[in-house]
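These are the structures in question, set out in turn.
What follows is subunit A paired twice: with subunit B in the first complex and subunit C in the second.
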Partner chain A sequence: MAWGLALIGVAAVAPLVLPVFLVTTATEVMILALFALSLDLLVGYTGLDSFGHAAAYGLGAYTASLLLLHAGSPLPVAVGLAAAATALVAVPMGWLCTRTTGVSFAMLTLAFAQLLYAVAYKWQSVTGGSDGLAGVPRMAGPFGVTWFTSRTGYYYLVAVCLAASYAFCRAFVASPVGTTLLAIRDHERKAEALGYNARAYKLAAFVAASFFGGLAGALYAPFAGFASPELFFWIVSGQVLIMVIVGGSGTLIGPMFGAAFFLLLEHYLSAVTDSWALVLGLIFIAVVIFVPEGLYGLVRRRPPAVARSRPAPEREHGQPVP
Partner chain B sequence: MSPIAFLLTQGLNALALGALLFFISIGLTLIFGIMRIVNFAHGALYMLGAYAGFTLAAGTGHYWTALVAAPVLVAAVGLALEFTVLRPLYRREPGAFLLVTFGLALVIGEAIRLAWGPEPRRLAIPAVLGGSVSVAGEPFPVYRLFLAGFGLAMVLALWQFLERSRLGLLIRATAQNAEMVHVLGVNVRWVRAGVFALGCGLAALGGVLATPLVTAYLGMGVNVIVEAFVIVIIGGMGSFLGSVVGSLLVGVVQTFGNFYLPDSALAAIYLAMIAVLVWRPRGLFGREE
Partner chain C sequence: MASPYLECREVSRYFGALAALDRVSMTVERGEIRAVIGPNGAGKSTLFNVLTGVLPASGGRVTFKGWPLTGLSPWKVCQRGVSRTFQFTALFRRLPARENVRLAAQARSSGRWRPLLGGAVRAETARTADLWLERVGLEHVADVPAGLLSHGDQRLLEVAMALAQGPELLLLDEPTQGLSVEETARTVEILRHLLAKGSLTVLLVEHDMEVVFSLADRITVLHQGRVIGDGTPAEVKRLPAVQAAYLGGLD
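Up next is the complex of A and B:
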């Protein structure tokens, strides 16, 4: 708690003392942290490895951009509507994806994200094709409010969104729904035998994760000033998954630090080598093999109560022999 | 063009495309069948096969050398990966495997970019297979005919191998019940490593065969892995027949879709996949687990 308050204090003062470019970097870190946080609901707490979370990010970014460019919506309205629209699209998508589990779920989510990538690429008249949507403005209002249109103001807007989302997710995973999700993650059949409709809970997690993923995307478009098909690309899905796993899935905090670690590593490595993706991939492989609980889990030095300490899967015929 | 000639040439095109897709999806499905894991790096190994094939063909001057040597090379890479990176993961949940192979896909893709650079590489069609023949009065490229025929031959050969040979028997037995096979004194580790290498080699074969048509380019790995995922979801994970039928189906939908609805051919494939999922969540030939 004390740490949390200290962090909020630091975040509140930071833009007043930091150089301008660091305020921009901090804003980007927070947007990615929100994105990673949202995926942790699926990966860490529901045990569904989504390889297509970029779908939510891209949907949020494109919806917000269209609202800001064509409807002239005030920024907070556009961002809120974009997140809600993403959650709405996630309902049928999640309904289909949760028909499967495990690797099929991963493949299906990837396929859907790539489909959206193709749509964004080809639907020239709406999405701007390969150029994407440029010049996304930070529309002022409602009621003449303008503070969030400046660089520092936008930083605070993102900070508030991140803090609120974190508070909601924390409450969500501690709620009866959240604990049921953990039960499903650890032993789906047992949870079903106890009378829980596992698929409905997984769908709820999918929609919640998409809502916050969409929120992150919606905040990204006015931050960067554009939305491009690359936001849907599998690389983005993979990168956010890396943030979650490297940071420590099933902790909510870990993935946010994972996002910061990822972005700072990218900035540092791309200055010294042009193949930072190679280094990142190797780090990622090493973390999955040697530190499955993630860096945050490592720092805590004890197996986290809810982290990815999944028991060995139920043995079936064809399971690998030791 | 007469309707019959149209159907015939497009059908052959679909068959050629289906053959290429089969080489990818069969590897994925064989590996899944025996290890219950999905190899995300499969597309990257296909891409490695394409680039290695390009270099081998350029170095030796023979397409056929590349067609044999590149798959063997990539199979060896697969074997090395299985020994070093993947083996410690068999006791973990399947998610860890997916994540590690995803990391491998990143690393292999990036290594290819560093080694060969960003520009696409062309591979000429060998002289024997160049030119075109007349199919129902219409010219048709010999190379595509070769692809279709080669694909069919490989389907039959693999099928006979799995059904008739002793090694095929061991593979099927291991897929069904690895513990029992282990108890009966078979070295299951070697069966697994062998199947993984075989799958990687087949992917590389697909890569070399595809290069004269589409060139070797960065990103070909992702495109193909997404298509292969769609195929195994349609056909059913771990099913040989599912892989064959799924590849053909996607080949047909893509070929005819490209002709009738050039902008939404991709969507047609996804609609087919969604329909199959709603109807049979485990795929057309997937078994209940």
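Up next is the complex of A and C:
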């Protein structure tokens, strides 16, 4: 709790003291943190390794861009509608993908994302083709509100969205539905035998993850000022998966740090060497082998050492109270 | 009263040309503890899997309280009040023992679909979980991940999970499988206590004849997918077909 308050304090003061370019970097870090957070709902909490989460990111970005460019929607409205639209598209997509698990699920989600990439690339008249949509404005309003149009204002908007999303996801994973996802992750057949409709729960997780992934994409387009087909590309799906795994899946917080780690490493290493991806790859390999619980898992207190159940013969039968 | 509590009528299940269940008919009365015995491959586990919707039946039908169970998916069968344990321990291994039982209780609670603000549901199901952990004598390992429990405790945890659902019909698939003599005695003792009330109907698959004869009211004998005997423990012991097929050297 104290930790969280301190973090909020730091985030609130940061733009006032940081150099301008770092405010931009921090905003991007938070957008990617939201993206990684959303994927953790699937990977960490449901045991569904999506290799096509870029679909949500791209859908959010394109929907928001179209609304801002052509419908003149105020920024918060466009962002909210884009996230909702992404969740809506995720319903049929998730319905199909959750028929499978494991590698098949990864391949199906990848296929959907690549399909959307192809659509964004080819549907020139709407998506702008390979150029994408440029000059995405940060439309003011509603009610004449303009504070989020500036660089610092946008930073705060993203920060508020990230904090709210984190709070929602935290409550979600602790809820009856969220705890059921963990059961499905551990033993789907058992969860079914206990009376849980596993597929419906997995679909719920897919839609929730897509909503927040879409929200991240919707915040990215007005941040960068454009949306391009690359947002759908499998590399984006792979990168966000790396952020989740390196940060520590199944923790919500870990993937957010993973996103920050990834982006900052890219920023600073690419200034030094062209082979920054090589360094990142080595780090990824090291994490997977030596710290499978992720970097956040290293920081967090380890679970209590293996507690043993008492050996049976020594136990008195205990009077069960029927 | 017209229809029996649980009825299997001519239930068959084929795996290719092999008839794992060959027109199995049986009825179970309310409050009865019915054991299903038979050698390996007799079709006992297949029967459980067909009853709970894990495997579709190739023919015949199963009704529970007059409602058909055949064709329902496993989770729907469970929501009808039929809970089961698995022959090979099936637990949420990374979650604490208490959370395993709590999830079992939550599955039958009306609040199971809450995506937010589930505090009340959690508290209520956690109380149920603690109650059942205490009843099977596992309260001291409530916070231990299920995967780290001893095999005997894992078997008991499965039983606690099934019972925490408040089922009307309980299917126990070899609850003492792989247990030591002492653990078996303890499990039987606990089961006897829990089942004494008589409000619960139990279908029990078991290899250990001592366990069967000390718990069961009636016994159905399966052999190569067919019912070859049905009756009280004393009657079943005397059946020549049963003696030949299964109990041969027992007495």
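The rule is simple: the second predicted complex is superposed on the first by the 301 of 322 C-alpha atoms of A that agree within 3 Å, B and C clash if a C-alpha of one lies under 4 Å from a C-alpha of the other, contacts with A are read in each partner's own complex, and residues count from 1 in each chain.
In this text, contacts are C-beta pairs under 8 Å (C-beta built on N, C-alpha and C of every residue); 3 or more make two chains touch, one makes a residue touch a chain.
Being a predicted model, the structure only gives us computed values, none of them experimental.
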Pick one for A:122: touches subunit B only (first), subunit C only (second), both, or neither.
first
- prompt: What is the contact status of A:277 with respect to subunit B (first) and subunit C (second): first, second, both, or neither?
  reply: first
Taking the superposition as given, does A:197 touch the first partner, subunit B, the second, subunit C, both, or neither?
-> second
Inset, instruction - May I ask you to decide whether A:180 touches subunit B, subunit C, both, or neither, giving the answer as first, second, both or neither? - result: second
### Query
Who does A:241 touch here: subunit B (first), subunit C (second), both, or neither?
first
Review point. Can A:288 be said to touch subunit B (first), subunit C (second), both, or neither?
Key: first
The intersection of the subunit A residues contacting subunit B with those contacting subunit C is 310, 312-313, 317-322
As the complex stands, subunit C meets subunit A at residues 52, 54, 73-75, 78-79, 83-84, 86, 90-95, 99, 102-104, 106-109, 111-118, 121-122, 134-138, 140-141, 143-145, 148-150, 152-153, 161, 165, 179-180, 182-183, 186, 189-190, 193-194, 196-197
As the complex stands, subunit B meets subunit A at residues 32-38, 40, 85, 88-96, 98-100, 102-104, 106-107, 109-111, 113-114, 174-179, 182, 188-189, 192, 222, 226, 229-230, 232-233, 237, 263, 266-267, 270, 273-274, 277-278, 281, 289
In the complex, the residues of subunit A that touch subunit B are 47, 49, 51, 96, 99-100, 102-104, 106-108, 110-112, 114-115, 118-119, 122, 234, 238, 241-242, 245, 275, 277-278, 280-282, 284-285, 288-289, 292, 310, 312-313, 316-322
Interface with subunit C, subunit A side, in the complex: residues 168, 171-172, 174-180, 182-183, 186-187, 189-198, 204, 208, 303, 306-313, 315, 317-322
